[in-house]
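Two complexes are shown next, each including chain A; its partner changes from chain B in the first to chain C in the second.
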Partner chain A sequence: MSGFYAKLLRDPLAIASLSVIVGMIFLGIFAPWIAPHDPIATNLAHKFAPWGGQFPLGSDHLGRCILSRVLFGIRTTLFLALMAMGITLSLGLILGLMAGFFRKAEEVILRGCDVMLSFPSELMILAIVGMLGAGIGNLILANVIAKVAWYTRMIYSFVLVYREQNYIAFAKATGVPPLRILKTHILPSIFDDIVMLATLDAGWVIMSISALSFLGLGVQAPTPEWGMMLSEAKNVMSVYPLQMLPSGFAILMVVLAFNFLGDSIRDARDAREISIL
Partner chain B sequence: MLLGKKECLLVCSALILALFTGCESKPKEVKVAKTELVYASTKDIRNINPHLYGGEMSAQNMVFESLVINTPEGVKPWLAERWDISSDGKSYTFYLRKDVKFNDGTSFDATVVKKNIDAVIDNRPRHAWLELVNQIESSELVDTFTYKLTLKNPYYPTLTELAMTRPFRFISPACFVEGSTKNGVSCYVGTGVWRLSEHEKNAFALFKKNPNYWGEKAKLEQIKWRVMPDHQSVLLALQKGEIDLIFGADGDMIDLNAFSVLQKEGKYTTLLSQPTASRAILLNTKQPITGEAKVREALQYAINKEMIVSGILNHSENSANTLFAPTTPYCDVPLSRKLYDITQAKAVLEEAGWKMDEKLGYRTKEGKTLALRLYFNANNAQEKAISEYIQSNLKEVGVELKIIGEEKQTFLDRQKSGDFDLQYALSWGTPYDPQSFVSSWRMAAHGDYQAQLGLEKKAWLDAKIQAILIEPSHEKRGKMYAEILSYIHDENVYIPLSYARTKAVFTPHLKGVSFNPSQYEIPFEKMFFE
Partner chain C sequence: MMRFIAKRLLLMLPLLLGISVVSFTLSTLSPSDPAEVALRVNDITPTPEAIEQMREELGLNASLHVRYFSWLLGIFKGDFGVSYITKTPVLHEIANALPTTLLLAGITLGLVLVWGAFLGVVCALYRNRFLDRAIRSVIFFTGAIPSFWLALLFIAFFSLTLDLFPTAGLEESSGIILPSLTLFLSYVATYMRLMRSSMLQNEHAPYIFYAKARGLSEARIIKHRIINALHPFVIALGMSIPKLIAGTVIIETIFALPGVGRLCVSAIFSRDYPMIQGYVFLMALLFLLFNLIADVSVKLIDPRLRGEL
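For the complex of A and B:
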C-alpha cells in the first residue's frame, strides 16, 4: 500500500494534477472573498468589457464579471460533480459489494445492471432530464442513475478478485459475520481501485454537467456554471471570441487534471499487479 | 491494454496536426456573375403544404400565392384582378386573372379556387385561430373566372386574412390526396415566382425561378436555402462567403450583439424593418401570486425596459408602453404610461401586504415568499438574456424570479396548460395585429387565453372580441377596440417591452433586399446581384 502512494508522489504529473484540483477546490470555497465582483450583479452599461481594467477577464453579455463567475462556477460545476460522483460511488459500492459477495443477490443486481448499461449514458441522462425537467436536483439524479450500473459492475469485478482468496474462505469458515468480512477484509483491499475509478470518472461527470448546462437543461440562471457560460459566450463567438476562453479553459484544466491523476494512479497500481485491468 | 503516456502524447500531437492541416484554404472558385442566392436558415423548410402549419412560412410564400396581398398601403389585387363586396358586407365576388398557370401547366381558375378553399374549410378545427374560416358560409363558382365567397357575418378582416401566408393560398389540384390537403399533399406545385425543385431534409432546398410567371419575374435564377441549426455557424458562413443573406425576426437567426458589431464594421450591409410585432411579458392572472392585481401593477414598474432596449437589444428596437404599437390599426388609444420606477414598485408591493424579509432578501406575505416562475425557450439566446436581466430587476424590489429554460415543445405545451406565472408573448405583427392576435385570445390552446382566465371580465372580453370582428362600422370597431385594449392595459396582463423589427444581414453585392409587411415572409423575388 505505502509503495503505491510513494510511487504516486514521485510522479510530477500526479502532483501537478493534484495541486490543480486542490487549488480549484480552495478557490471555490473562498470564492466570496476572492471574487472582485458579485457574480450575478448585472450592469448592462458595461457589457462585453475587454480584459483588464475594472473586470480582469472582461464582462459578459449582461455586464457581469467573468472572473467572479468562473470562481463561483467552481462551486457549481466542480462541487456538483463531486457530489454526484459521491452519491453514485456510494450506491455503486453498496450494490457492487452485495453482488460480489452474496451469491443470491448477484444475478438480480447484475442483470439489472445489464439492462441499464444497454442504454448509452448520455441518452439516458437526456431522457431523464427531459422527463423530470431541468434543474440542479434532476441533473444530479440523472447522472447518478445513468452511471450507477457502471460503478456497480466495476466494483463487483474488483470484489471477485478477492472473493475466492483463502483468507476470505477462512474467515467465512470461522463464522465471521459477512458485514465484518466486507468491512475489514474486502473494502480495504479494493480501496485504491475505487479511488482510481473515481478519479478517472470525475472528468466525465464534470463534462456531463457542463454539457447539460450548455444545452440549457442543467443548472439554471443566474447561478454561474461553466457550461452555461460557455454556451452564452458561444452566441457571440465570432464577434467576441475572448468570451469563451475563461470558462472553456477552466473546464479543460479541471478535466485534464482529473484524467492525468487517474492515469497516474492507474500506472502506480499497474506496477503492483498488472493483471487486474 | 490501454496506451501508455508517451503513446498518448504521440497520438494527441498527431491529431492536433491533422486538425490544423484541415484548415488549409481551398483554391477559390473563379467568380462569374452570380445568379444564385444562398440563404441560411436555422430551420428546414419542412412540409410546405400551404393549407397546414408544418412548414416555414417564408418558403410557403415563395411557392404559393393568394387572391389578394397585403401591402403597407392596404390590401391590393393579386391573383384576383378586382373584387366586389355586397352592401351587407357578407359576400365577396372575386374576378380572377386569366393568364395564371400553375407550374404543372394547370390553369388557375375559379374551380381551382373553390377546390382549395373547400379543402381549407374541410379542416376547420385546425384553422380555428383564424376567425375567417369559421365565418365562411358558402363558397361558389360563378363562372370560369369568377368566384364568390359568402360569410355568415360581415367579418371585417376578410381581405387581410385571405392575403395571409397561410392557409388561403393555392396549390395545384393535381397535388391533392383523395380530394383534400389536410392529410398531406403529393407535390408542392404553386403559381408563385419560385418553384421548389429539390429538397434534402435538414440540408438544403433549391428553389428555381418560375419561367412562366404571370407577373414580374424574379431577377435571380435560383435560391438555395441552406439549413444551419446554429446561428454562430450561420454568421461564420457569411464571413467565409458561403452564404449571402441572413434574414429573420425573433433572435433565432442572428444574435443582436453580433448584428451590432457587423453593423459597425460596415463589411456587410445590414437592414432593419419598420417595427412589426410586439415583444411583451405575459402575466398569468390565474396563478395565486400573479392573480393579485397589485403584484401585476408592481411588476410593470419594476422592469427597466429602457435598459433592455439599450443594453440587450442594442437600440435595434423601440421600447413599448402599450401592447400594440400606436401605429397598429385601431390601437392608437390613449393609455397611461407605466415607466420604470423602483420606489413606486416597492410602494405598491408594500401596500399589497408583501413585506420585505431582510434575512431572506425577498418579500413575504403570510409565510409565503414572493417567488415567480418565468419560462422561456432554451434555444432562444435573446429571451434568455432578457429573462436574466428581468430576474435581476425583480430581485431589487424583493421578488424572487425563477427562470427556467425549456425545450421548445415543453415550452409550447406549458402555454396550453397555463402552468406558468410569467411567459414570453411575441405578437405576430402586421398584418395579424391586432385582429388575428386578439382573436386567438379566445382559444384555449393559447397562453394568452390561459393567462387571462383569472380576469373578472374574461367572458365579457371574449364576447367583445367576437363582436368587434363582425362589427361593420369602422367607428364602432375603433371604440370597441379601445375598450378591450384599455381593459387589458389597466389589468396589467401584459408588460410591453419593445416593438420587434425584422433584421437582415447580407453581402454588399446583393441589392433589392426589402421587407414584406409580414415578418414571416422574405421577398426574394426583388433581390439581385450587382
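For the complex of A and C:
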C-alpha cells in the first residue's frame, strides 16, 4: 500500500490535482473570511460592475459580487457533491460487502442492481427530481439512487478478488466473526480501489449537480451555485458575456482536477479497467 | 439468432415491469396532489369540490394497485394518458418531439463514431508520441468542460460575435450544428479512449503475430486490428444511444430545440405527471431496445460469439 502512495506522490499531475482540490475545499471552508462581499446581498446600484476594482470579477444583475458567489459556490457545488458521494459510497459499500461476503444476500442484491442499472443514471436523476420536485434534498437523493447500484456492483467486484484468498478462509475456519473479517481483512484491501472509484466518479457528480441547478431543478436562488450562476449569466450573455466565465471555469477546474487525480490513481494502481457508465 | 433475440426479449419483460413500477410509484410519491396540479395549470381555483371532482375524473380515488394496472393496461394499448397542460395524448406529444431529438442524437452519434474511431486509431498507432499526447490532452480537456458551459461559450462566440449560426431554435437548418458539436465534444472523450485501449489490447494478439509471420503488409495488419477493435467500440456506442438521448435534455433547453428533452423539462416545471411518466418509461424502453440491438449487431459482426446463444 505504501508503494502505491509513494508512486502517486512522485506524479506531478496527481500532486497538482490534489492541491487544486484541497485548495478549493480550503477556500470553501474559509469563504466567509476570504470573500470580499456578502454573496447574497443585492445592491442594484452596483449591478453589472466591470471586472477589477471593488468587484474583482464584476457583479451580476442584482449587484452581487461574482467572486464572492464563486467562493461560496464551492460550499454548495463541491460540498453537496462530496456529501452525495459520501452517502452513495457508504450505501454501496454496505450492499457491496454484503453481496460479496454473504452468499444469501448475493443474488438479491445483484438482481436489484441489474434492474436499477437498466435505467441510464441521467434518466433516473431526471425522473426522481421531476416527480419529487426541485430542491437540495431531492437533488442529493436522486444522485444517490442513480449511482448506488453502480457503486455496489464495483465494490462487489473488488470483494470477489479477495474472498477466496487463503487468509480469509483461514480466518473463517478459526471462527473469526464475519464482521471482523470484513473490517480487518477485506476493507483495508479494497480501500485503495474505493478511493480510485470515488475520485473517478467525483467529476460526474459535480457536473450532474450543477447541470440540474442550471436547469433550475436543483439548488434554488439565492443560494450561490455554479450551475445556477451560469444560467443567470446566460440571460445577459449578449451584453455581459464575461459573466459566464468565472463559474464555468470553476466547474472545469474542479472536474479536471478530479479526473486527472482519478487517472493518476488508476495508473498508480495499474488496475483493471474501470468504466464509468 | 432468432432464438437469441427471443430469449433476450423475454428477459426484457421482468425489467420492463420493474421500470413501469418505478415510473408509476415515483409519481405517487410526489409531494403535490395531481388533481390540484391539474386544476391549477388550467387556472381553476382548487376548491375542495373541484379537487374531488378532478380526482374522480383522473381516477385518483381508486386504490394504488388498481390505478397501476389501469395505467399498465393503457401502455399496452399505446395510451400513456393525457397531458395536464395541453390536453393532448402524451404519446402524441412525445412522437412530435422525437424527430428533433433523434436528429440531434443521430448527428452527434455519427460524429462520435467517425471521429472517436479515427482519433482512437491515430492515438494507438502513435502511442505515447507527441501526436497521441496532444490529442489525448485536448480530448481530456473537452471531456471535463460542462456541456452547458461549452454551449454558452459557443453561442457567445459563433452566434453573437461571429453571427454564423442562429442562437436558438431550428427555423434554420444550421441551428442543429452548434448543439450537435457541443454534445459531440462532451461525448467523444470516452469513446476515443475506448478505441485507443482496445487497439492497444490486440496489438500482441496471436492473430497479429500469425499475420506478421505470414508476412502481411503493415497496412493490412492495421486494418485487421481496426476491425477487431471496432467490436467493443460499437457495443459501447450502441448502448450509449439512450444515454445520449437523455443527455440532450440540457442542450435542447439551452438551444431551445423542440425535442423530447425540453418537453420533459417543461413538464417537470409544470408538474405534468403523465408526461414525465411517459417520458421516463419510453426512454427506459429505448435503453433496453438499444442494448438488445447492440448485442445482436455484435454477434452479427463477430461469428465467434454466435455459439454462446
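The rule is simple: the second predicted complex is superposed on the first by the 270 of 277 C-alpha atoms of A that agree within 3 Å, B and C clash if a C-alpha of one lies under 4 Å from a C-alpha of the other, contacts with A are read in each partner's own complex, and residues count from 1 in each chain.
Note that a contact is a pair of C-beta atoms (placed from the backbone, for glycine too) under 8 Å apart; a residue touches a chain by one contact, two chains touch by 3 or more.
Keep in mind that what you see is a predicted model, and the values were worked out from it rather than measured.
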item	value
Three-chain arrangement built on chain A, chain B and chain C clash or fit	clash
Contacts of A:Met98 with chain B and chain C, given as first, second, both or neither	neither
Which of chain B and chain C A:Met207 touches, first, second, both or neither	second
First (chain B), second (chain C), both or neither touched by A:Gly216	both
First, second, both or neither for A:Val115, with chain B first and chain C second	second
Chain B versus chain C as contact partner of A:Leu132, first or second or both or neither	second
Which of chain B and chain C A:Ile251 touches, first, second, both or neither	second
Touching partner for A:Asn259 - first (chain B), second (chain C), both, neither	second
First (chain B), second (chain C), both or neither touched by A:Val236	first
First (chain B), second (chain C), both or neither touched by A:Gly227	second
Selected from 224-232, 260-268, 386-394 or 512-520: the stretch of chain B that, after superposition, runs into chain C	224-232
Footprint overlap on chain A, where chain B in one structure and chain C in the other make contact	130, 133, 215-217, 234, 237-238
Of all residues in chain A, those that touch chain B in their complex	13, 40-42, 44-45, 47-48, 61-63, 130, 133-135, 215-217, 220-222, 232, 234-240, 263, 266-267, 277
Residues of chain B defined as touching chain A within the complex	2, 5, 231-232, 235-236, 239, 255, 257-258, 261-262, 307, 310-312, 378-379, 381, 384-385, 387-389, 391-392, 402-407, 410
Complex contact set, residues of chain C against chain A	15, 18-19, 22-23, 26-27, 29-32, 140-141, 143-149, 152-153, 155-156, 160, 190, 197, 242-243, 246-247, 249-250, 253-254, 264-265, 267-269, 271, 273, 276, 280, 283-284, 287-288
Residue ranges of chain A touching chain C (in the complex, touch as defined)	114-115, 118-120, 122-123, 126-133, 203, 207, 210-211, 214-217, 227, 230-231, 233-234, 237-238, 241, 244, 248, 251-252, 255-256, 259-260, 273, 276
